[in-house]
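Across the two complexes that follow, chain A remains constant while its partner is chain B and subsequently chain C.
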Partner chain A sequence: MTLVKIDKKNWAKGLTAAADAYRLFGPVRSKDHHRFNELEKGEMPDLNMVNTRLSPKALLFPQSETMLEYSLDESRDDHHIMKAVPKDDSPRAVIGIRPCDAKSTLLVKLNFDTPDVKDPYWLSAYEATTFIGMACDTPLSTCFCTTAGCGPYHEEGLDMLVMDQDDAYLAKILTEKGKTFADAAGWKATSDDTAAFDAGKTEAEGRIVSAIKTDNLADTDLLELHGAHFWDDVAFACLNCGTCTFSCPTCWCFDIQDEVHGKSGVRQKNWDSCMFPIFTVHTTGHNPRDTKTQRVRQRFMHKLKYFVDKYEAGIMCVGCGRCVRQCPVNIDIRRVCEQMNSFKPADACTAQG
Partner chain B sequence: MENPYLPYPVRIDDITVEAEDKSLKTFKFVFLNEGDETKYAYQAGQFGELSIPGKGEIPIGIASSPVEKGFVKFTVNRAGVVSTHLHNMKVGDIMGLRGPLGNWYPWEQLVGKNILIVGGGFAFTTLRSSIVYMLDPANRPKFGNIDVVYGARSPGMLLYKDELVEWEKRDDINMHITVDATDDPDWKYNVGFVPPITEQKAPQGGDDTYAIVCGPPIMIKFTQPVLEKLGYAHDHIIMSLENRMKCGFGMCGRCGIGKELVCKDGPVFTLDQINKTPREY
Partner chain C sequence: MFGYTEKMRDIAGRLLKECDVEMVIGFRKGTLPMMNEPCFVTTPEDVQSLIWDSNCGINLANYLTNRKEKIAVFAKGCDSRNIVTHIIENKIKRDQVHIIGVPCTGMIDKRKITGMVAGEIMAVVETETTIKVKTVHSETLLNKTDVLQQNCMLCGHRNPVVHDELVADPVDEQTDVDRYADIRKIETMGSEEKWLFFEDLLSPCIRCYACRNACPLCYCPTCFVDEAKPQWLGKGQDPTDVRTFHFLRAYHCAGRCTDCGACERACPVGINMRLLTRKLEKDCQDQFGWEAGLSPDQRPALDVYKANDPEAFIK
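On to the complex of A and B.
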């Protein structure tokens, strides 16, 4: 592990130099919020932000991604034969990703990179990406990362972690990818000020005012929890709008759709949501999750129970608080987690079928 | 890196209308590229994604058997956008096929056991694959008694009629074909729903006997108590589930029944396993 000190005067110069070898992505201001975009030549990431409205998951998992293409023109030899579209897998770097969003990438990886099957679109984008994280000194009141397996200076999923020291940045190089990027940026001045990092971390963690408890989730019986009495209450105000799933950095569900224009067509992968009835409806009209309560329960059970049991890698949540802030009816995963974690099977009532 | 979204190109080699109301057709596909058939090595009980460019994909159980070479067959009910389009396609048309997907009936575990197959309606496809597999001369000695209860609404709705007649004639498989009702005076098989016929004809359960059940929900609902009465333990009742699917290999997230995914951890589960899920299918 190496620490590098970057004088702020050399920051833009370094990124401009790195841009010769990398496509750069970072937070930019868009109306009243920030979003992760590809940076144009000379454009700098705007690090003066709180969390972005949408997570940067789209950098690896675009909201709509073309996977295959084909021609329906029967005069062509290859008509109706599907082909993978070429992808730009040249090196890219995300500048200013928050530690919570970086950690979420590793949780999503559990889904797209399995021993048996790999999603080549997600995985090749992931492998091409260097994650340059910005330590989070400005957490919001809705942030609960420190009790969600993460933290404002958390390093998992990052190649480099940068902290702001007013006139300079202090960067911790965490991986070989991180080192390659620092070299490309010409950031060479090493530092031994690990104390500054530790102090920043302690201070930032002290600013996290919100917490969850997850210690009982793994040991609680899955079916008992599924049949718990509180699901109708949790779902009561839900509009099934899907804002929570779209803003969530760990939600990975998707749909596959064909789009045809004239005689040429593409097959796309699009974000989908367990909040939508059509997500599970059979062609017969039968729907295993027909009611709002069933769908809301699926979202929380997936994140806080099924995932916990399946991967033994904690909860499928990094505590970024986006769903809490953006839910139009104030459904709060922290409260639901509390209900689930403190649930005693004796509470199970007979009302739930 | 293998691309699991990319289908093998196939050509429709033959189309058989299976049901009197023309709602069911069997499509025989041949692979366009040499070598793809080998890559598509499957087991009875698995499914594939039939992939029509411009329309989409449908997950369908493989009706041909691993012992049949040179083609792969699927029997499709005309129901939605893709299956309706497929029903209007013709021999020679090009489309795609993904798979094989999902798990299969536990053939290793079934060696030396008596097998009861209970099927209803057009869910008989992977059961047909299984029967052809077990009756193959190389495989038949591996299994004990084979009993098959298969029912459809009417004689004209039974799938694979030629094969049913052939199997009726054999002495190494006990066929119990039934229809819900018929006014055909020449009908010489059973009349009645699958559950009561199972109760009358199926062998007793036990350590050495397994039931493989595939059919519409209503049939499964009323067959389960019959099998329990006959002495089949829940880990000896093997079922194949369906749910809405897209990817078919465990990533898109919609077919979950609790922490299990029907497409990847299934579609084949024992009743014992299903009892431990929230049964969201």
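On to the complex of A and C.
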């Protein structure tokens, strides 16, 4: 691990130099919110943001991604043959990603990069990407990263972590990818001020005011929790819209669709949501998750129980708080997690009479 | 409206205790400033969780249908008009629902208020006429009338049009409200300008369908966007598909929409899709003198044929 000090005067210069070797992505302001965009030549990421409205997961996992294309024109020799579409997997760097979002990339990787099955679309984008994180010194009151296996200075998933030091940035180079980027940017002035990093971390963690408890989730019986008495109450307000899943950095579900216009077609991968009734409809018409309560329970059980049991990598949540802030009816994962974590199976017996 | 909460708990407690209803649908306090959560209570002990303030903008008529219980529901003017629409459309029987009318002075616009102050809002305290917004560093006092949701600013039916009892005396209705100034402005645009306007309006859409799902009118067992055979529109982010969803949805609400504002309020990306539904509302008004949800005894304009229906617009 190397520490590099970057004079703020050299920040833009460094990014401009790095842009020769990387496509750069970063947060930019758009009307009343921030979003991750590809930066135009000379454009700088706006690091004066708390976090983006939607998570940066779309950089690796676009909401709608064309995988294959084909022609239905039988006069062509290649009709009805699926062909890969060209994909730009040249090196890219995401500047200013928050540590929570970077950690979420590793959780999503558990799904897209398994020993048996690999998603080539996600994986090639992931491998092409260098993550330059911006430490989070001004978290929101809805941030609960420190109790969701993460934190404002968390390093997992990052290649470089940058902290703001008034007139300079202090950057911690965490991986080979991070070092290559620092070289491309010409950031070479090493520093030994690890104390500043540690102090910044402690201070920022102190600003996280929201917390969840997850200590009982793994040990609670799955079926008992599934049958818990509180699900109807939790689910009542839910509209079954896709806001929580679409804004979540760790939700990875997608649907594959063919779109045909005239004689040409594409096969696309689109975000899907377990909140949508058609998510689980079988071709017979049967829907194993036909009710709102079943769908809401699925979302929370997946994040806070099935994932915990399956991967032993904590919960499938990094505490970014997007779903908390954006849910139109204020269903709050912190509250649901509290109910799940404090659940005693005896309650279920009483409820079931 | 400020101070309704105690009265509401009394009413809900009485209805449950006397077994007049099996459940009461209302709001409980949210976990964030300017947010409340729709909820139900089934026992007199639980009524203490019920609250009412200027953050109850979600339309509770949306929670009434496809239930077996006898239900009591708190209904603002707009909610009551949607209950009327449900009754007309056979979604609920009048005797299944006990309507507790809530004379309403409007709901506050969270997005607007968030844009008016710098920094994260930590608390919002309201009185009858003011909204005090506290951030970590500052306190801002706003007039409630300046920060209402736009649909509430334009509202002509603050008092429930149908109810079994009222939480309080009726409030004064707003008069001299010009409901369609912004719609007229769009009507005067040329095609190209309109195209750009709608392109910009709908471009942030992520197709989460919060607008559709927050709407009491959208109750089709399978929405046209979810149909697979035939598949009416693509499921990706193609702008044509996104626009088709919004325009068709609006047309499905023609002559039915009460402008409760739940769609716009629910939208996570701040799209004012009410511009579409209000244009159709204006057309219904202009063409048929029709306003949705005012009486269960009157068939909606688009539901009946009359020999003297206007036809000048047919070209």
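Note that the second predicted complex is superposed on the first by the 348 of 353 C-alpha atoms of A that agree within 3 Å, B and C clash if a C-alpha of one lies under 4 Å from a C-alpha of the other, contacts with A are read in each partner's own complex, and residues count from 1 in each chain.
The rule is simple: a residue touches a chain if its C-beta (ideal position, glycine included) is under 8 Å from a C-beta of that chain, and two chains touch if they have at least 3 such contacts.
As the structure is a computational prediction, the values presented were derived from the model and not from experiment.
Looking at the shared chain after the overlay, A:76 reaches neither chain B nor chain C. In the superposition on chain A, A:114 makes contact with chain B only, not with chain C. In the superposed model, A:64 makes contact with chain C only, not with chain B.
When both complexes are overlaid on chain A, the residue A:252 reaches chain B alone and has no touch with chain C. Of the two partners chain B and chain C, it is B that touches the larger number of chain A residues. Of the two partner chains placed by the overlay, neither chain B nor chain C lies in contact with A:8. Touch criterion met: A:335 reaches chain C, while chain B stays clear of it. By the touch criterion defined above, A:29 reaches neither chain B nor chain C.
Looking at the shared chain after the overlay, A:241 reaches chain C, while chain B stays out of its contact range. Contacts of chain A with chain B, set against its contacts with chain C after fitting on chain A, overlap at residues 255, 257.
The residues of chain A lying in touch with chain B in their complex are 67-68, 70, 72, 79-84, 111-112, 114, 116-121, 123-124, 222-223, 226, 252-258, 260, 265, 267, 269, 272, 274, 279-284, 286, 288-289, 294, 298, 301-302, 305-307, 309-310.
On the side of chain C, the complex with chain A involves touching residues 30-32, 35-40, 58, 62-63, 111, 114-115, 120, 122, 206-210, 212-214, 222, 226, 228, 234-238, 265-270.
Residues of chain A that touch chain C in their complex: 32, 50, 53-54, 63-64, 140-142, 233, 236-237, 239-243, 246-247, 255, 257, 259, 268, 270, 273, 276-278, 324-326, 328-332, 334-335. Every residue of chain B that touches chain A in the complex is listed here, in rising order: 1-7, 9, 32, 51, 53-57, 79-80, 83, 93-96, 217, 242-244, 246-247, 249-259, 276, 278, 280-281.
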